[in-house]
Every structure is written in structure tokens, then in C-alpha cells.
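First chain written, first letter: the chains are A, B, C and D, and each begins at residue 1.
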Amino acid sequence: MQQTINGLASGSIYALLGLGVTLIWGVLHVLTFTHAQVLTWGAFGSLIAINRGYPVPVAILVGMAVAAGLSVLIDSTVLEMLRRRGASEYAFVVATIGLAFMLESILRNRTRARVEPYSRDGFPRGPIELLGQNVPKLQLAVLATSLIAMAGLAIWLNHTRAGRGMKAVAYSPETATLLGINPRFIYAVAYTVSGMLAALAGVFVAVSTASVSYSSGDRLLLTAFAVIILGGMGSVPGAVVGGLILGVIEVYATVHVSSKFSEVVAYLVILVVLLVRPSGLFGAKEATRV
Amino acid sequence: MFEWIPAYQRFLLDVTLIDIILVISLLILFQCGLFSMATAGFAAIGGYTSALLVTDADWPVPLGILAAVFVGATLAVSFGLPVLRLRGIYLALGSLALAQVIVIGIANVGFTNGVFGISGIPTEVTTGWLVAIVAVILLVMELIHRSHFGRAMKAIRLDEHTAAGLGINVFAYRMATFGIGGAMAAMAGALEAHRTAVISPDQYDFGLLVVLLTYMFVGGVEHWLGPVLATIGFRILNENLEFAGTDWENFYYGSILVVVMLLAPDGLTSRRFTQRLARIFRRRPDLAT
Amino acid sequence: MIARRVVGALAALMLVTTACGSDDDSSSSSADDENPAASEPVEESAEADDTASTADGASADSDAEPSEATVVRVGVPLDLSGPAAISNIGLSELSAMELALEEVTASGMLGETTIEMIPIDTKGDKQEAVAGVLKLIEQDDVDAIVGFTLTPSFLAAGPQAVEAGLPVIAVGVAAPGITEVGDNVFRIIPQVSSLYAANDAMIAETLGATSAAYLYTSDSETTVGIHEARLAALEDAGIETKSVQSNTTADTDFRAQLTEIQNSGADIMVISGFPGQFAGQFLQAEEIGLDIPVLSTDGSGRNEVLDQAGSAMQCVIYTASWAAQNETGRNPHFVEAVQTELDDEADLYYAAGYDGMWMFSTALADAGSADPDAIVEALNNITDFEGAFGVYEYDDNREPDISGINLQIQDNEVIPWTPDTQCER
Amino acid sequence: MTGSQGNAVLEVSDLTVRYGAAVALRGIDLVIGEQEAVAVLGPNGAGKTTLLRTISGLLKPAAGQIELDSHSMVGRPAYRIARAGFVHAPEGRSMIAPLTVTENLQLGAGRRARSDVAAGIDEMIELFPSLRARMGTKAGLLSGGEQQMVAIARALMAQPKVLAIDEPSMGLAPVVVDAVLEALRKVIDSGTSLLLAEQNARLALAVADRAYVLVHGEVVKSGNSDEFGDELIESYLT
């Protein structure tokens, strides 16, 4: 039971990341290798705000703003230029890998590769009794916040003008344009949302270790890819379910096989899903869904 | 044969030659339209196969390297069979996951000595061998480039369906290329193990792939000569520039990748880019008059 | 056409080769030009007893008239750049070596002889390490090598130095098997794995533990080595293993592993990990209510770790090969010198560099010449060397007999641990 | 020609479009007045779709002028041309398949006040009563005729000045075509101008006030609908 909660809590962080990546893939057909860096920059953004004495909710918003700004900047410069050139799929992969390396080494040099303390003041602390188990409040807060963010995203996508616009652009940018929707605006919105979700994940990672470093997000990039491949690339419900499932599988691998094995779970998931069912749990074959 | 070169320069030359083999192994896949990220994984397989056979089973070094080539090819083909029906990004992710599984596997099983790696590997690989191997590889690359095989690869890269329509067995070509690429990367890994004497799982990380991608795209993907020259050029730069080895090195490699993708997605020696350059230069006199 | 291209490519390769070759040959008389890290210009000097030279004919013209051995050249391969976490270590080692060299020179113990340090950056990369050491041997004509930050770099490049017959003092490496590379290889930092193993059983016994659970970082040879030695030592001491959990250096969530350890019912938890992850591990352990005694790893008492983890680190015990709290040997002086001269807090890596240079200087003074065999002999015969690690000497395997110091964290302070130390969580 | 249309809503003059070296449209002049229905006729490949795509901003003209309500549209991005009042329902209906009919209609209502959207949808149901039962259906599951109705309705949700429709009759049963034409007449009556690109000349002329005949990218004939006798139609369009 405790272990399932552990799995769901880390899985909800995976889901937040997976949502961001799947949204970008769904709308732009770009796989962003920069996503782990966006997470880390967001976490550092909130760290700076916390160190300046801002209350936690404000600090989280600052982190989200930093991550969203960075995402939009990446999109409106390098990726926009690549789009204008009609660059091929691999060019986006290579360019975002290059960007990720640049972003990482900037942070690494700025922080001199140190692990910075991340204050837990203002975040929930200690355990709470739940169903006869001692569950850390922080974990519950992570789980709850993630679920709220995901529900919010689902409502926003399905019941607002911008959400419909995003679905329209994802399905056919040309048709959307003819209906008066500005695809570049939608792209920016997608990157903003994706950056905000990544920053939220980054804050959770930083709080649960009370520290943040330039490499905090490293492990999570391929995990996020595993999430969206499992859920189906471009599928929002897929990212949520995929993230939670992956988190639980990793924990169960630790419990029932070996903690050594949990490291490789994400990669095995990628391989197995690609071999058995490339469209994932929720993906439509060759189609794009948001 | 090359003993007149001081050991220090000879070592750098050897390392460069090994890098060339790795870059070519990546290039040959790319030329067939396969964007694979598994190179580091195959290099690890090669390095460990030969190192283990030579140190634990007392095989002679050349036999160890041959075994590495064989294992690399076999693994590539058996992985390729199910995976090659994937396209584009799916293949890239699948191959990246494969490389990770290989390297993590090596780090976590007993007979590879885990994260400690293997040290004291016999270093019989000489510059003469490496020059010969690279010469043969490049010669074969040139022959392929000029042959029907090379044209078919290009057709597949440019448009798979048209290629299939021309009667090219796309799957067979890709399979063959994947096998050759895996074999070459494994060979490079084995040669490296027998040159540096120490291997450990951490050296086959994502950073290696980024460096190889940089060499390949800066050199251009249309002909082997570009990546070869780029590999040599970067090695010389690395030995002479302050930034090499620092935290900024990643920044430079990253920014080079971004800039090359923006200016010339097929590499700086690609026809598309050189023609554009030529147009720019030809236009200049017009502007002057 | 094929032939032309291939020949062209080969010619290009050869050009590179010869260009490099001639370039460096011509500069071998002033090798420091190529080596921006070298602190001072090197005066042209030749060794009377230069048996180590493996360089080709190009260096033959430098065998000037034999003179008194006035300058001893020491090659210092260290990771001075590369990943910052590593390069900071290399830079600490280098500055402590320079500090030690100043003290040695000021002491006058070497008489007419002076030591010339030739640092070379091995960039945290095996290939760079091999190339750098080859360069030190061939072009800089060094008499000895005192250096190395990382174990893999040493394992790759050490054999080159051994082959050249030079005395080698490995400064920063802590893994087992270092001195097995050659009879002329010595080390400063003791094998940390055996250090922990020696102390863990005693500590566990004092705590009255009969079973243990382990958490270790599985993707680094350092922590895996430590973990394996500790597990073996504790099992030998009759401590039952209840659970073995691992994490990677990139992990941030240890709750699943810690929950397993909690459910295993072990009496103590043994953590072999890195300072960057201690805060997360201890805080998450506290959260899930895991409150058994912990035997941790060196680095647990670092200021930033205590800042991050706070009360979650209360009562954590660990063994250190070096600690500021150690009052023996030259350590009190060393701690103060780092503070005043380098304006920093002393740590393990400063200590390693400091003792490395003092150790070499002492051997050089004892040997009375830079002859490699004489220096190796002198190193083997040193007794009661007083260094930052305390008072020690080399055993038959050229390993330092350093027993380490046990420490404990109480109220965010690091204090020595003894069997009578009481600690309230 | 422009002289007779004092209040032109859309005015295209001397429009030239190239695909690389090939000229797709050459020197096109075209005018649509208020509440006027204009048909562009021509065989397959004559340039009708290219013309619509150029006016709506999807293609960049090599030369020429496009004015909507006396504002130049050349160089504006397509979404701004749509917002300015030239809404193009492309060939093939282009449903956003995963969205329902209602959602597709809502997409079209980008510039309407939120409160006005529901009223707009009601109007569309009135215009195409057969859609009433299909409002909650995913658009990808509709029949071709229903999709054509949704495409027109969706475009109308934006309250365009000019509604441009590419091949509305293509692939539809005659009964459905009649319903579509009937609706288009109502649209014109309600004050919207219409630009109709159609291969089926008889059909188009049944709604259009005037027509242009496009052959090989050039206007070969233009005039009022009644000037196009059967003979003329035969000679150009078969």
C-alpha cells in the first residue's frame, strides 16, 4: 500500500512531464529533448524566488514563468526557424539535443556544478495517518497537485476556446488557420503549458530531495519519453495513465525484483511498447491526438 | 611502421582513427535514412566482448576484435528485425533505449565487473592496424557510394516509398546497413578497449553520441569524406583550444549542432548548402556593380 | 577517382600526424608553452641520471653537461577541468600540492635541489589521461609522477608511468587495486572500502545491531566498492543482511527503497552514497518514519548536506579517512594553512594533494637523488610520516596504514564518534 | 469592370502566382460586390484552388493586389485574412475529425462574443436542419454531405464578408447538392458575398450572379451568369 502510494507519487511527476512532452508532440510533432532542462530551469527559478523570501505559491509561479518563458523562447527562435525551412524530423531531434546540452552547461557553469539546498519551509512536512499507513504529507500534496493540474489541463483542452484551437491546430494547422486561428500563438500556448507542467514537476523533485542541481532533471527525460510511448504519443489521457503506471511499475520492480532493476524499467518499457504496440495504450495509429 | 611518431601524438592519432570508425558507423545508417542513436551501445558491446574474451578467456587480440564485430552485427540484426519497421522518431527512441539497456546491463551484471569496468586490457592495437582498417573502411564506403547499393541507399533516404516502387528491397537494405553499422561500432569499441587498456560503462554515455552527431553533421551526410575531415578537425581543435574538456565544451558542441541544423540540416558539405553558399558568393559581384 | 579521394584522405591524415609531430617536436624544448596550467616557466635543465627518458632522438640534443641535480621535475596529472564536481577536486588537489611545495621549499629540507611541478589537465577523461601522461614522460622528461584525481584515469594512464619506471604517488584515487598496477606505485588516500569495513563491524556491535539493511549508489565504482566491502565485513561479523537496495546517481526519489528497508525490520541502515544525494535520502527516510541508526559514508558531514537535511541527519555515523577533527600528525597545521593560505576549509582532497607532495619531498630528501629506484626505495622505507591524514607509513603493498576516524552528527555538528557517545534522536 | 461595382468587397487585380518556375495564375482580375455571388469556373487544374488559396493567404502571390474592404491582404498571414472577413472552406471539407460538430462550429466562431456563439449555432441548425441530430457526433463520422454542411456552417460562424467555397458539390448526391445550394442562396440573401470555385458550371451558375472562367491560370471569359449559354459552357469547360 505504502509502496503503491510511492509509485503513484513518482508516477504523477512522470505524468506531469509526459503531459508536456505529449502536448508538444501532439501539436507540433516535435519531440523536445530540452524538456529535462526546462524542468531544471523551472526548479532553479522557484529556488531563486524562495531564497528571496517569496512565499511558496509565488515561488512556484515564478518557476513556472521561467520554464514557460524558456520553452516559448526555444520555440519562437530555433524551432520556428526550423519550421520555416521545412526541416525534417531528425533536424528537430538534433537541434533540441544541441539546445539541451547548451542549457545544461549554462546552468552547470552558473552553479559551478554544486548541489544547491532547496528550502522545504512552507511545504507540507511530516507524515499523516491514512488508512492505517503513515503517508508523507508532501507525497500527498504532490499527488493532489498533479491530479488537479492534470484535471485542469483536461478541462481546459476540452471546454475552452484555446483548448479547441489547440486540438484544431494539432489535427490540421491549415484548416485552423483558415478559421482565423493563429498557429504560432497556439504553439506558444502549448509550450507555455508544457513548460509550466515541467516546472511543477521540477519543484516537486527539488522539494523531495531538499536540493536542486544542474542535473536534477537528467534522469527524467527518457522517463518522460517512456511515459508517452506507453500512453501513446500525443495522447493526453495516455500521458496521465502512462505516467502513473510507469511509476508503479518502477516501485514494484524495486519491491519484487531488485532496486537495481528499476533503473532500466523505463527503457524496457520503450522497447517493449515499440515492439508490441507502437501506438501505445491510447494512441491512434499515425493519427495525432491531443 | 608508425613508430617514428612520438607515443603521445601516436595515441592521439589512434584515438582519432577510432572516432572515424564510430562516425562512419553512424553515417552509414543515416545515409540509409535510419536515424539510430544506438551507436554507443554497440561500441560498448564491442569493447566488452573483446576485452572479456582476451582477458578472461585468453583469446588473442585480433580474434577478440573479430568476435566483437560478429557479436555487434548479430545483435544489430536481431534487434533490427523487429525494430526496423519503426520509422523516424520511433526508431530513434527505440535505439536510444536499446543503447541504455545495453550500458545499464553491462554495469549491473557480474561477469563484466560492473561499474568497475575492465582494466589491464592488452594494448596490442597499433597505429598500423588502425590506419589499415580505416583505409579499408573508407575504400569500401567509396565503392558503396559509387555502386548500385549506394544509389539505392540514397533513394531510400530521400523517399522510401519511391525507392520501394523502383524495386528496391527497402527492408533488406536497411537490415544490411543496420548490421554493418552495428558491426563497425562494435569494432571501434573493441579497438578502443585495446588502445586505452581500460573500459567502464560510463564512457558510453549520451555525450559520446552528441560528439559523434556533431562530427557527422558538421562534416555532412552525403559523402564519407566530410565526417572524416570533421573528426580530424575537431580533434586538432580539441588539442589546441582552451575550452576543450571544460564545462563549456558541451555548450560548444550543443551550439554547433543547433547552428548546423539551422544553416545546413544535411551538413556543411551537403550539396544544398554549398550551392547556397555558391549563390551567395556569385551574387556578390552583381551587388557591387 | 576513388583512388584519388582515398589517397587524398590518407594524405590528409598523414599531414595531421606529421604536423602534430613536428609541431610538438620543435616545442619540446619549451614544453610549458603548450601547457598553460604550468605555474612558472621552466628553466632548461637536464638530469644526470636520466634513465627514464623514452623519448626519441629529438630529445637527444638536450642532454647538456651533467650538473648537480638541482631541479627535479614532477609530473602532476590531475582533472583540472571537465565536469565541475570533478574539476573542483582536481583544483583542490593542485593548490594543496603547491601549498605543500612552498612549505617544503621554505623548510630547506631539500638543500640545493628544487622541485618543479608540471601540472597537466587530464580533463576527467581516460584518453586525455593517457595522452597527458605520455606527454609528461616524453616531452617534459619528468622524474616522478604525483597526481591523478579519478580511478579510471589512473588505471588507463598509470601503466604508462609504470612502464617508464617512474615513481608514482596516486593522490586522489580511493579504489582498491591501485598499487597492484606496479611496484613503483604508492597512494595517499587509503582504500576507503577496507577503511569502512574495518570500522563498521565495531560500530554495529557497539550499537547492538544483529541485522542490517543496505542502500548504495549502484552506478559508481566508488560507492559499489564501498558497499560490497561493508556488506562482506558486516556479514563476517555475524550481522544478518535483511535487505539490499540501490539507487543511481541521477535518482531523486528513494522512497521505494527506504520503504523496503523499513519493512525489512533491520536494526541498522548502511548507506554508501554521495553527498549530493544524502539530503534526499535522509529526509525521505525521516518522512516515512524510518528511524533506525544509520552508518553513512564520508561527506555526510559537509556543510551543504547539513544545511539541506537538517535534523534528519541527527545521529548519523560515518567513517572518514581524513577529518578536520583528527588532531594527529601535521593535520592541525594543515587545516590552519588551508584556511590562511588558500582561504578555504580543508577537506579530503586538499589533504590528499598536501600529503602527496610532502610524501614525495620527504622521499626525495631521504633518497638524496631523483633516481627513480632510490625514490621508490625511500618511499618504502619512510616511517612515521607526519601528514594531514595523521602519522602513517607504507605497508608491504605500498598502501598507507591509515585507520580513519569515526564521526557522528549531533545537532548539525560533526563530532568524533566513540563507543561511549550518546546521541538522542 | 470595377467601375460597375462601386462597393466592391473583394478586389483582386493583376494577380500572378508561381510554383517555382511554373506560372499557376497569370494576371487575374476579379471583383466581388456586396451580397454578390461569384463563381470561378474551369476544368481541373485550371487554377481555381490556387486562386482561393492565394486570396486566403495560404500561398504568396508573385505579383498583384488583393483588397478586402479596400484593405490590402497581400503578405498578411492566413489567420488574419480569415479574421478580416474572407473565410475559405477548402476542398474536401477538412473536418477536425476528433471534435464534435458543435465543437467544429465553435472553432469557427473565433471572433464572436462568447454569449453570441450559442445563437450562431442555432442559426446554423436553422440553415441546415439535418445537422440538428448530429451536433454531438464526432465530425469525422459524418457523411460527405453532412461534412460539407458543417464546413459551410463553420465558415459562416465567423460572420465573413466573403465566404469562399471550393468544390462544394464534389462527391455529393444530387439531393444533398440541392440542399447545399438552397442554403447558399439564403446565405447570400442574409448579406454575405460568395466566392464559389466549381467544376460543375451549371450548378454554380444556378447560384452565382456572375462568373469567371479560368483556363491554364488565366481568365478567358467573365460576365453575368445569363451570358453563359450552354454552348459557351461546353466549349470551355468540357
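One rule holds in what follows: a contact is a pair of C-beta atoms (placed from the backbone, for glycine too) under 8 Å apart; a residue touches a chain by one contact, two chains touch by 3 or more.
The structure presented is a predicted model; accordingly, all values stated were derived computationally and were not measured.
Upon removal of chain D from consideration, the remaining chains are still joined by touching into a single piece.
Ranking every chain by how far its Cα centroid lies from the centroid of chain A, the top place goes to D. One inter-chain figure worth recording: chain B and chain C are separated by 34 Å, centre to centre, where each centre is the mean of the chain's CA atoms.
Averaging C-alpha coordinates per chain places the centre of chain C 77 Å away from that of chain D. Averaged Cα coordinates give chain A a centre that lies 39 Å from the centre of chain C. Averaged Cα coordinates give chain A a centre that lies 42 Å from the centre of chain D. Along chain A, residues 108-109, 113, 260, 263 each make contact with two or more other chains.
In chain C, the residues touching two or more other chains are 83-84, 218-219. Pairwise, the chains that make contact are A-B, A-C, A-D, B-C. Residues of chain A touching chain C in their complex: 2-3, 6-7, 9-10, 13, 108-109, 112-115, 117-118, 120, 125-127, 134, 136, 138-139, 205, 208-211, 213, 215-216, 218-219, 250-251, 254-255, 258-260, 262-263. Against chain B, the residues of chain A that register as touching in their complex are 31, 78, 81-82, 85, 87-91, 93-95, 97-106, 108-109, 113, 222, 225-226, 229, 260, 263-264, 266-268, 270-271, 274-275, 278.
Those residues of chain A whose C-beta lies close enough to touch chain D in the complex are 161, 164-165, 167-168, 171-172, 174-183, 289. On chain C, the positions that touch chain B within their shared complex are 2, 5-6, 9-10, 12-13, 16-17, 20-21, 24-25, 36, 54-56, 58, 81-84, 87, 121, 123-128, 130-131, 134-135, 138-139, 152, 155-156, 159, 175, 177, 218-221, 224-225. Chain contact summary for the complex, chain B toward chain C: residues 2, 4-9, 11-13, 15-17, 107-108, 114-117, 119-120, 131, 134-135, 138-139, 142-143, 146, 196-198, 200-203, 225, 228-229, 232, 235-236, 239, 242, 244-247.
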